[in-house]
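Below are two complexes that have chain A in common, paired first with chain B and then with chain C.
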Partner chain A sequence: MSLLAVENLETSYTSHGRRLKAVDGVSFTVAKGETVGLVGESGCGKSSLGKTVLRLVPSSGGAIRLGDTDIAPLDGRALIPFRRRMQMIFQDPFASLNPRQTVRTLLDTPLKVHGITDAVERESRINTIMDKVGLPRTALARYPHEFSGGQRQRIGIARALILAPELIVCDEPVSALDVSIQAQILNLLVDLKRDLGLSYLFISHDMSVVRYFTDRVLVMYLGRIVESGSYDTLWSNPLHPYTKALIAAVPSYDIDKKRTAVALKGELPSAAQIPSGCRFRLRCPIAQDTCAAQEPALRTLPNGQQVACHFA
Partner chain B sequence: MTAPASSAPARSEPHAGNRLLDVRDLCVAFPGHLAVRGISFHIDRGETLALVGESGCGKSATSLAVMRLLPPGARIAGAVTFDGIDLVQANERTLRDLRGKRMGLILQEPMTSLNPVLTIGDQIAENLMRHEKLTRAQARARTVELLDLVRIPDPARRYDDYPHNMSGGMRQRVMIAMAVACNPQLLIADEPTTALDVTLQSEVLELLDSLRRQLDMALLLITHDLGVVAQWADRVAVMYAGNIVEKAGAHALFENPAHPYSRGLMGSTLRLEGGGHYTSQRLTEIPGTVASALHEPGCNFAPRCALATADCRIAPPPLRPFEGRQVACPVVTQPSKEADRVAAGR
Partner chain C sequence: MSGETSSSLASPAAVAVPFKPPVVRRGLSAIVINHPTFVVGLAILTVVFVLALTADILYPGDPMDMVGPPLLWPFQDMEYPLGTDSLGRDVAAGLVYGARVSLIIGFSAASIGLLIGTLVGAIGGFFGGLIDNALARLTELFQTVPTFLLVIVIVAIGEPSLPVMALAIGIASWPTIARLVRAQFRSLRQQDFVMAARSLGYSNTRIIFMEILPNALPPVVVTASVMVAGAILTETGLSFLNMGDPNLVSWGSMIGGGREMLRTAWYLTALPGIATALTVLALNLIGDGLNEIFNPRMRQR
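Coming up: the complex of A and B.
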């Protein structure tokens, strides 16, 4: 059984009196021990999806099953036992840590909130987690500003892990970091996954990172999943024109390789003005009349790959 | 008062016919911090030089020093010569005539570089009226041409838009139009695509490259992204903690990076094609952080370097010619047993 099963999830915001759907009918699963990547351009709804799954923003439709419980309708106190099972690592380790709290307080507070009253046990958990993320214990008495970006991200990871969760939503965890530090953090996340049997929902705009780090990938466009597949089929055989364009846009390290022409026209439209039919058709190089009339459904192919395109 | 140097013909040493920018022993110091520690490089007319390095390595300080746009309190030493003009000694008036006319600058975040209360058209036209002495009507017509050149749809209508009316990609195009308005000889692009989506990144870089060819500009491309370097640069200078550690043709660098830092940077960079997967391959890490360079008397990279010897910690190594490039690493350039052993193990 899947650890997480999201069914037909919707998230909507109200802006200037208009309702817009940032996430519009998304279904997927994350199995125990699996890393699922979520890629797309800024504004496609990937962060909204991550936050909705964790119930940090309310959903407006659909189900979020963690184990066998649908947590979408739960509120307040009823959610607390589920919160400790899923945590989040944020993009910006400068903005996501309270500058007025020491590392010890940052790690101790979640334990207190979740009812671990024994101070000795809290201390031992904190020490264990510091060792796991590769921070010295002397760091506990210090404040976030005293650390470099990479170390701060380690603190963010320690805080996410302190409650021994099963699922971690990583929202662009390495995109604010330098290349050499990025490798350190990705290696750490791989080690932690192996040691602790974690599952990740890994949100990123960086195709190379997703290619390396995930088992299965969801490609998101304007609130919908347009393609999904295992990491190797998606790169070797992308079917949706949007996925193809995303992959073609990554600059190649092969210096002899001719740059491929840019296939995508224009930019991601606002979620307030969703085109009729296929949402991608205005930028699509192969769009035809059918695409304006009818929205393509997400079809599942025999190899498990899913795609939402009339012509793929 | 002498006449502005910009009006004088390029007076120069014999070999400098093709040389546009020559930077020698440039140091940039902020109060309490030496950001650039004596670097030298040059750019020829029409070529693209990439300055690569991680945050804090001094690449942006270098670009601001070349434009003489460093904040008050910062000090520069060394020589920066642009087409025969000494930029370090140049007075404010000479600099004003150069900036925006013969040297353009594009920054990472277009929202903070554009004036939010002026229309984007007026911001571009201002440049043209100031430097090209165009009338308002002429400047407007030329601006519309420029907006068209950077592929902004419906340019005549967009002239009267404010920056907040535009998306990030469009704003970066406005910045480019502004920077190339007076056909500069040198365009400095400081992380021009870092704030943009990957789909826009290649489009904006392709645009910069085609403008470079059309207008015969030289491009100083400052970036941390090696993929960008591989695709768009002719030559590369790799910076680490205020020093240039390797200067090479882009081809040579990607074939075979020589300096241990260049190797580490390449090794820890993820690639889309031919890249590994976490289940089978661990990423190469560069251990430690840049902060270790702070009080290092010898090679800045030595505290993080697998090849470092005791000699490396004594004095900073100079750049030396090696296999058609320049490398600041005595261990690599004069192969000892140790370097051979490690190289063989790679």
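Coming up: the complex of A and C.
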């Protein structure tokens, strides 16, 4: 039984009178205790997908099942009990914390909103979380601008955890941090997952970060999943040319290793002008005439790997 | 000179001079040093405030009463240091009581404008869509009507009393605030911390008032101080036109009363005029100062 099951999810925005689909028919599951990585270039719809799953952005089609309930049609008050079961860790630790609230207020308000009226219990929960994310209690009285980027991200993580959620959407949680801090935060996320039995949907544009702790990886291109599989299969045997290019882009310490794949040409097309047939064909090194005529379906291979390419 | 420089460079004592970090001042002293005009504005306004508050003690009795011979020039009789008007009323007493009227009108009108403007701007900016469209049109409608005319009409319909005038000026001046707050809300509602608040299940009311509004306030406070100045000017204008409260001495009515004797007794218009100008200047200096203090690009960490 999966914790989260997303079926055929669509998210569309209206921009200058034109509708564009940022997420176009995506299905995947996240099991309890599993970490699913979601990779792709900037603008491919990863963040939109994450925010749609959390119902921060309205979906325009499909289902989001959290446990037994489809939360996509829910609204307002009906959604509140589900809110505490899933939370988000944001990319930018400077924009995601209200600059006019102390750390205590940042952590205390969610508990108040979710009906924990006992001040002693709130205090003990806050202290537990502060210990868990490795922040001193003295930090509670301070404002976000008094902290470094890494510490702020710890505050963001503490806020995401304060309601004891089951699923955390991590939207590029380390890409705004210094490289030296990234490992600390990633280690913290691994520890928290182990201690609290969390499930992560881990969004990143960086394969080497995803490699660090995901069980399964979804590769997204222009609003669709083009390949998915366990991390090991994907790393050793990428089938989709886009996945190959992403893996080739990860810097290697092995100087003798020859780069097998060429760098991608061109830019990610706008979601308002999706190419006919295969979405990737304009930038694909192995594209044929079929690719323009027919969109490849996401096929499941015997080893569980899924790929959407005519030639894979 | 050059020899001195080279010797000091060579001497080890010069190297050993400890590095003094630049003094970073914080809090009140930093404001006094970095924003002198703000302090001047605050000082002037404080004087006006103190005079207004102590009017009863300084000049017990009605400032409308005749107390001395008419048209005494300032300093002619030290019992009436700023002179008397054509009816023998003490100009100094009038100024002090007028300060009271000006400040009451200024602050209450600005508060009313602030309340309406913030509500309209916050709701429109936060919810967007149809609600925002309707409220933006309403704001524009009020903005196209000249403020002073609207105030005159409202006061003419009602009665020329302080509450009616404050309400009229407030109703005529909220669109500026509404537009400002709306713009702030439109940019702030996209921020990640608002997204986080929604994912935590906060209600819209909580997000508007507890999350976004505190962050939208700095430019609003700046504009509010200028609004107080505008309200004082509008009240002065109304009283000058004899549309103010006839039972109260105000700077506007004093200027209006002295108008006929502008050539023979110009001090009758000049003194309340200077009082108005100084108060308005003080409020503008405070507004500018607050703008500098709140502006993050000028703020020192």
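Just so it is clear, the second predicted complex is superposed on the first by the 304 of 312 C-alpha atoms of A that agree within 3 Å, B and C clash if a C-alpha of one lies under 4 Å from a C-alpha of the other, contacts with A are read in each partner's own complex, and residues count from 1 in each chain.
Keep in mind that, in the parts below, a residue touches a chain if its C-beta (ideal position, glycine included) is under 8 Å from a C-beta of that chain, and two chains touch if they have at least 3 such contacts.
Keep in mind that what you see is a predicted model, and the values were worked out from it rather than measured.
Peer 1: Since both structures carry chain A, what do chain B and chain C do when superposed there: clash or fit?
Peer 2: By the criteria stated at the top, chain C and chain B fit after superposition, with no clash.
Peer 1: Quick one: classify A:T102 as touching chain B (first), chain C (second), both or neither.
Peer 2: In the superposition, A:T102 touches no partner, neither chain B nor chain C.
Peer 1: Just to be sure I read the superposition right, which of the two partners does A:L56 touch: chain B = first, chain C = second, or both, or neither?
Peer 2: second
Peer 1: First (chain B), second (chain C), both or neither: which does A:T233 touch?
Peer 2: In the superposition, A:T233 contacts neither chain B nor chain C.
Peer 1: May I ask you to decide whether A:Q182 touches chain B, chain C, both, or neither, giving the answer as first, second, both or neither?
Peer 2: first
Peer 1: A:L163 in the overlay: touching chain B, chain C, both, or neither? Say first, second, both or neither.
Peer 2: second
Peer 1: Which partner, once the models are overlaid, touches more of chain A's residues, chain C or chain B?
Peer 2: Between chain B and chain C, the winner on chain A residue contacts is B.
Peer 1: After lining up the shared chain so the two structures overlap, which partner does A:H114 touch, if you call chain B first and chain C second: first, second, both or neither?
Peer 2: In the superposition, A:H114 contacts chain C only.
Peer 1: Across all Cα pairs of chain B and chain C, what is the smallest distance in the superposition, given in whole Å?
Peer 2: 6
Peer 1: Touching chain B and also chain C: which chain A residues?
Peer 2: Dual-contact residues (chain A): none.
Peer 1: Within the complex, which stretch of chain B touches chain A?
Peer 2: Contact set of chain B toward chain A: 54-55, 167, 169-170, 197-203, 205-206, 224-228, 230-232, 250-251, 254-255, 264-265, 268-273, 275-278, 282-286, 289, 291.
Peer 1: Quick check on the complex: what are the chain A residues that touch chain B?
Peer 2: Per the stated touch rule, the residues are 35, 41-42, 148-151, 178-184, 186-187, 190, 205-209, 211-213, 231-232, 235, 245-247, 249-255, 259, 262, 264, 267-268.
Peer 1: Spell out the residues on chain C that touch chain A in their complex, using ranges where they run on.
Peer 2: Contact set of chain C toward chain A: 191-193, 195-203, 206, 210-211, 214-215, 301.
Peer 1: Please name which positions on chain A make contact with chain C in the complex.
Peer 2: Per the touch definition, chain A meets chain C at residues 51, 54, 56, 79-80, 83-84, 86-88, 90-92, 95-100, 109-110, 113-114, 145, 156, 159, 163.
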